[in-house]
Amino acid sequence: MEISPEKQREMLRLMQTIRRFEERASTDYVAGDIYGTVHCYIGEEAVAVGVCSALNRDDQIISTHRGHGHCIAKGADLNRMMAELYGRETGYCKGKGGSMHIADFDIGMLGANGIVAGGISIITGAGLAAQMEGKGRVAVSFFGDGASCAGPFHESLNIAAAWKLPMVYVCENNLWAVNTAASTTLAVQDVAARAAGYGIPGVVVDGNDIFAVHAATTEAVARARAGDGPTLIECKTYRHRRHTERPTQPDIRPQAEIDAWMKKDPIDRLVDHLQAQQGQLSVEEWQAMDAEILQQVEDSVSFAKASAFPSPDRVTDDVFAA
Amino acid sequence: MRQISYADAGMEAFIEEMERDPTTFHLSTDAPPPLVDKFGTSRVRGTPIAEGALTGMAIGAAGSGFRPIIDWRMVTFSFVAMDQVVNQASKIHYMFGGQTKFPILYRCTVGGGLRMAAQHSQSPYSMFMNLAGLKMILPSTPYDTKGLLKTAIRDDNPVISFESTRLLTMMGEVPEEEYTIPFGVADIKREGKDVTIVALAWLVHEALAAAETLEAEGISVEVVDPRTLVPMDTETIRASVRKTGRLVVADEAGPTCGASAEIAALVTEDPSTFKCLKASVRRVCALQVPIPYSPTLEDVVFPNREKIAAAVRTVMAEA
Amino acid sequence: MEISPEKQREMLRLMQTIRRFEERASTDYVAGDIYGTVHCYIGEEAVAVGVCSALNRDDQIISTHRGHGHCIAKGADLNRMMAELYGRETGYCKGKGGSMHIADFDIGMLGANGIVAGGISIITGAGLAAQMEGKGRVAVSFFGDGASCAGPFHESLNIAAAWKLPMVYVCENNLWAVNTAASTTLAVQDVAARAAGYGIPGVVVDGNDIFAVHAATTEAVARARAGDGPTLIECKTYRHRRHTERPTQPDIRPQAEIDAWMKKDPIDRLVDHLQAQQGQLSVEEWQAMDAEILQQVEDSVSFAKASAFPSPDRVTDDVFAA
Amino acid sequence: MRQISYADAGMEAFIEEMERDPTTFHLSTDAPPPLVDKFGTSRVRGTPIAEGALTGMAIGAAGSGFRPIIDWRMVTFSFVAMDQVVNQASKIHYMFGGQTKFPILYRCTVGGGLRMAAQHSQSPYSMFMNLAGLKMILPSTPYDTKGLLKTAIRDDNPVISFESTRLLTMMGEVPEEEYTIPFGVADIKREGKDVTIVALAWLVHEALAAAETLEAEGISVEVVDPRTLVPMDTETIRASVRKTGRLVVADEAGPTCGASAEIAALVTEDPSTFKCLKASVRRVCALQVPIPYSPTLEDVVFPNREKIAAAVRTVMAEA
């Protein structure tokens, strides 16, 4: 399956948007303009974009605490995202959620989630809805290596397999859960090995290779749409940064491991591919694209800053739907 | 009017609402045969034993335009799903800024008396009441069960239906005609002027029996049934206490941080109601123990008409 | 590995004791002398006895709602069991537990459990204790096919595998969870297939063949004691009776399926084996053994009936340890 | 005396008790480096993210002669372990007839104020208080934290330690010498005669600040810190209210079925205390909402010294 150069450039644009958005979010968080906590996805962009570029707008995804990448890849609006991080009333959640809880149901983004493995069963319910609806929608769950050790992973995959739900389960194995190494919490090399216990395909892909991710997803989505049930895709990847952007956040990962993975940067790889191998992206084009993205991020900050904080008397709104 | 059981009243509500709205569907670890027969195994699914996943799935399906009904069966089985209830279902409408609705009915039985011991006998509704974002019903009659369940299924929020194990076979009048019962409206099951008993579920009937006995002793008892725990009809309860000047709360749960504590606090924190209070506020509840198996033990754990009557006599004697 | 005829007869005695005990429990439950609910293990006796006969007294097990078989196989006292069912103060739990909660920590029986999958993590903690103690104890979890779809199964097996805990996980796959067929809740044929996801051995055995169960357990126990970690053993078996002894308990299992499995009765098979193939059990000996067992059961009922109900003022005892 | 932080006081308690008793061990999804350094990775394990399994494992290890410490970290993560807490840890000592002990410490942080939004900000202790069979501590100072945690680790029952997120960096006097604090003994953090404030954790300090302000206004406030939620030192609370005739309860949790409701009910159900009550009983609690992220919203959710002082003035004005 060929991906057109236009589409490749679009993928690159989304990956770079995630990166620039988060670089700015980190800066503004440390500066005190963004509150609570911020988890960066930087280094893992090929997963979100590789997966979401194989989906339709009405397909649904769910995210984790590390959610900005999934939001942007699924088409979320940067202004409303940044406004949410800034705690403003124009944010996706009217300032009630913050970084860990951005959702946009209109684009099929069912929310970031602050509870590890908390989203897996929720999106499986969306998959059940898709099956009952019968319109060929699929639903995709993103979750980490850490989450793959939690009960909801097992319960959800089992149900999805038994009922042949149109689901794709994407494990982002970045080798660590905070400062706990996956090698100490998993007795197997590959989370994908667990697929055997549910009678579904389990696929391992290089999560920093956007084409590999895209191809595996395309196949899984076809399978799901055909009524053949779920697939578990494990993307081996790595986060470039510490678990959170909190300046005091400890990071015990070996420097050599970090260095090795920095060399496998998924954006560099795609740029290389477009430039060297295909001649489809000049240095100038790439610079222009990046500048444009930086401007969009800047605009989102301006939008956020120009927006009001929610009025205190809105605090009891939305506890219940009217 | 025709009489049907509390359990059948619930089943009627499900059948009517599932007929009415094709987006409703039903998940439980054992699929109820009457529903399977009527709606088929796509809309009425028997599931793996994974209440946590089911509870989460309801959220995703609700956010995608459906109206799921999840029958946890016994409330003690719901604790495996507590993350999905506490951190997800109760919070996400608010947390996402109200951008979409999550109409879900979670259903379970509560209570004891069946010699099923601690893991199958509990009345923990107050644990859920402590959360913000969930509505809750606790019906005491077949009529209320059907009417409240129909409202619950139509509500655009997560609702938990706590149904009393002891009342499942209880018969009562239920009209053939369509009706619903609004949330947040307590039912005064008996009027009186000396003491208010706020009673929950099974205890409504024990309170009514106690009221009969007490009437013969010259004590006039008002029995208030809140019917919905969230929203709680605070005003009706306070008004009753302002009239009678005395409050006894009867609940099958233990007292500590129970609905009974909340009702007591709602009454005593209102200055104008407090002013009318003539006596201390009594909770007639289960002992604060896990529920034991043996009849000689289980029988002393729970409140009943005698204990309610005794509490009423005490507050009457106080002032 | 040869099992001596004496040990085989002892295994038979335990299996028949389970059966006779439960037949009586059922009768007395229907008569109203036993309360609450009773789940019979009849038909599955080869699993409990096959497993426990491969354990030492200080090895530990945990059970399910269907617990009488595990208790008896681990060496529990019939009198205290029956007294518990009768709700008497001489029962294992002083009448506070009943059929679903019999435990005897002195013989390493960590309790029946009324929550499906509720015991799996608890016994895994006993396995951790055994590992930290370093005396070679092993811990065994019994659970059903139904329980194998629940989160604690996954979380516990993963931890036990990652930490190489001295555990044996025994799935009693009796094809049904109440009236829900395992074929509708599992997308795989064998629960044992899940072992692959944890990098541990997964073994399927004929759960009505006590020698097969015993052999698989012996191997798993040796592995655990050697520090090589857990094993998942799936025993294919069947319950002869409905889910509970409640007279109104529905049973939707196909009659042909029931009939086929009745023919595979594990006690008949062991009797046949001892008699026909080995000549190690005469008809008279078998009758005498059965009569003796029936007498023990009768004695346990007498013991129970002669025991007092707990005094109501004991109701607040034991909420906390002193 | 030397001053150390609330967080360090907890860590000292762990180190001392783990040194004292080789059967103690520690499990959490991120292993605390100071403990790993001292006791190694066999006794201090970083675990998979499976708090449910850890919570259950504690029970099995405790029943096999060990004294596990499980750090859930934020209390909201404990809800994935709720079955193990509700149906197992709290019930099995009773259900098994007391045949063996289950000495376990579960530990977590509670509260808000960090702009972490609903899934990382909660004070749900009353959900656990509703159960029978669990003890619970909620310290308000470094001194209390260390003393109560040491008692908790030595207790032969499951104990939950709720530690206040807002107080982690708070400094306070903690002696070098060994000490423990008994359960069920409230601490009168300030004596007064006009109003009793029963305050929990962080609110103890807000109540003390309010008391200062009110003193200048001529109102004498007594601040009672229960320190342990189960057992609750009911008698000290009631005695204080009998003396002052007024009660305000201050808690970072929402009011509904909260510890504040229980404390109010414990006071108003005692006839001799009720008789001394001059005014309605006030709860100064969080709004009954999931905790929002944005500062302008979060800041209005929680109680504070001003709201406490206002409540005190109201009850003073009432009578």
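Order of writing sets the labels: A, B, C and D. Residues in every chain begin at 1.
Just so we're on the same page, a residue touches a chain if its C-beta (ideal position, glycine included) is under 8 Å from a C-beta of that chain, and two chains touch if they have at least 3 such contacts.
Just so we're clear, the structure is a prediction, and the values are computed from it rather than from any experiment.
Asker: What's the overlap between the neighbours of chain A and those of chain B?
Answerer: Touching chain A and chain B alike, sorted by label: C, D.
Asker: With centres defined as the mean C-alpha position, give me the chain A-chain C separation in Å.
Answerer: One centre to the other, that is 45 Å.
Asker: Let me have the rounded angstrom distance from the C-alpha centre of chain B over to the C-alpha centre of chain C, please.
Answerer: Going by mean C-alpha positions, chain B sits 37 Å from chain C.
Asker: Taking each chain's centre as its mean C-alpha position, how far apart are chain B and chain D in Å?
Answerer: So the centre of chain B lies 29 Å away from the centre of chain D.
Asker: For chain B, write out the residues touching at least two other chains, lowest number first.
Answerer: Chain B, residues with two or more chain partners: 47-48, 50, 52-53, 76, 80, 83, 87, 94-95, 117-119, 132-133, 288-290, 292.
Asker: Quick check: what residues of chain C touch more than one other chain, meaning two or more?
Answerer: Within chain C, residues 93, 95-97, 101, 113-115, 118, 149-152, 155, 158-159, 162, 184-186, 319 contact more than one other chain.
Asker: Once you've mapped the touching chain pairs, tell me: line, ring, star, complete or other?
Answerer: Contact map by chain: complete.
Asker: Would you pull the chain D residues touching chain C in the complex into a rising list?
Answerer: Interface residues on chain D, with respect to chain C: 25, 42-43, 45, 47-48, 50, 52-66, 68, 83-84, 87-88, 92-103, 132-133, 135, 156-157.
Asker: So in the complex, which bits of chain B are touching chain D?
Answerer: Where chain B meets chain D, its residues are 76, 79-80, 82-83, 85-87, 90-91, 94-95, 117-119, 122, 124, 126-127, 129-133, 230, 253-262, 264-265, 268-271, 273-275, 277, 279-283, 288-290, 292, 318.
Asker: Which positions of chain C touch chain A when the two form their complex?
Answerer: Touching chain A: residues 149-155, 158-159, 161-162, 184-188, 193-200, 229 of chain C.
Asker: So in the complex, which bits of chain A are touching chain D?
Answerer: These residues of chain A touch chain D: 35-37, 87-88, 93, 95-98, 100-101, 113-118, 146-147, 149-151, 177-180, 184-186, 250, 309-312, 314-316, 319.
Asker: Could you list, by residue number, the parts of chain B that touch chain C in their complex?
Answerer: Interface residues on chain B, with respect to chain C: 29-31, 33, 46-50, 52-53, 76-77, 80, 114-120, 287-290, 292-297, 299-301.
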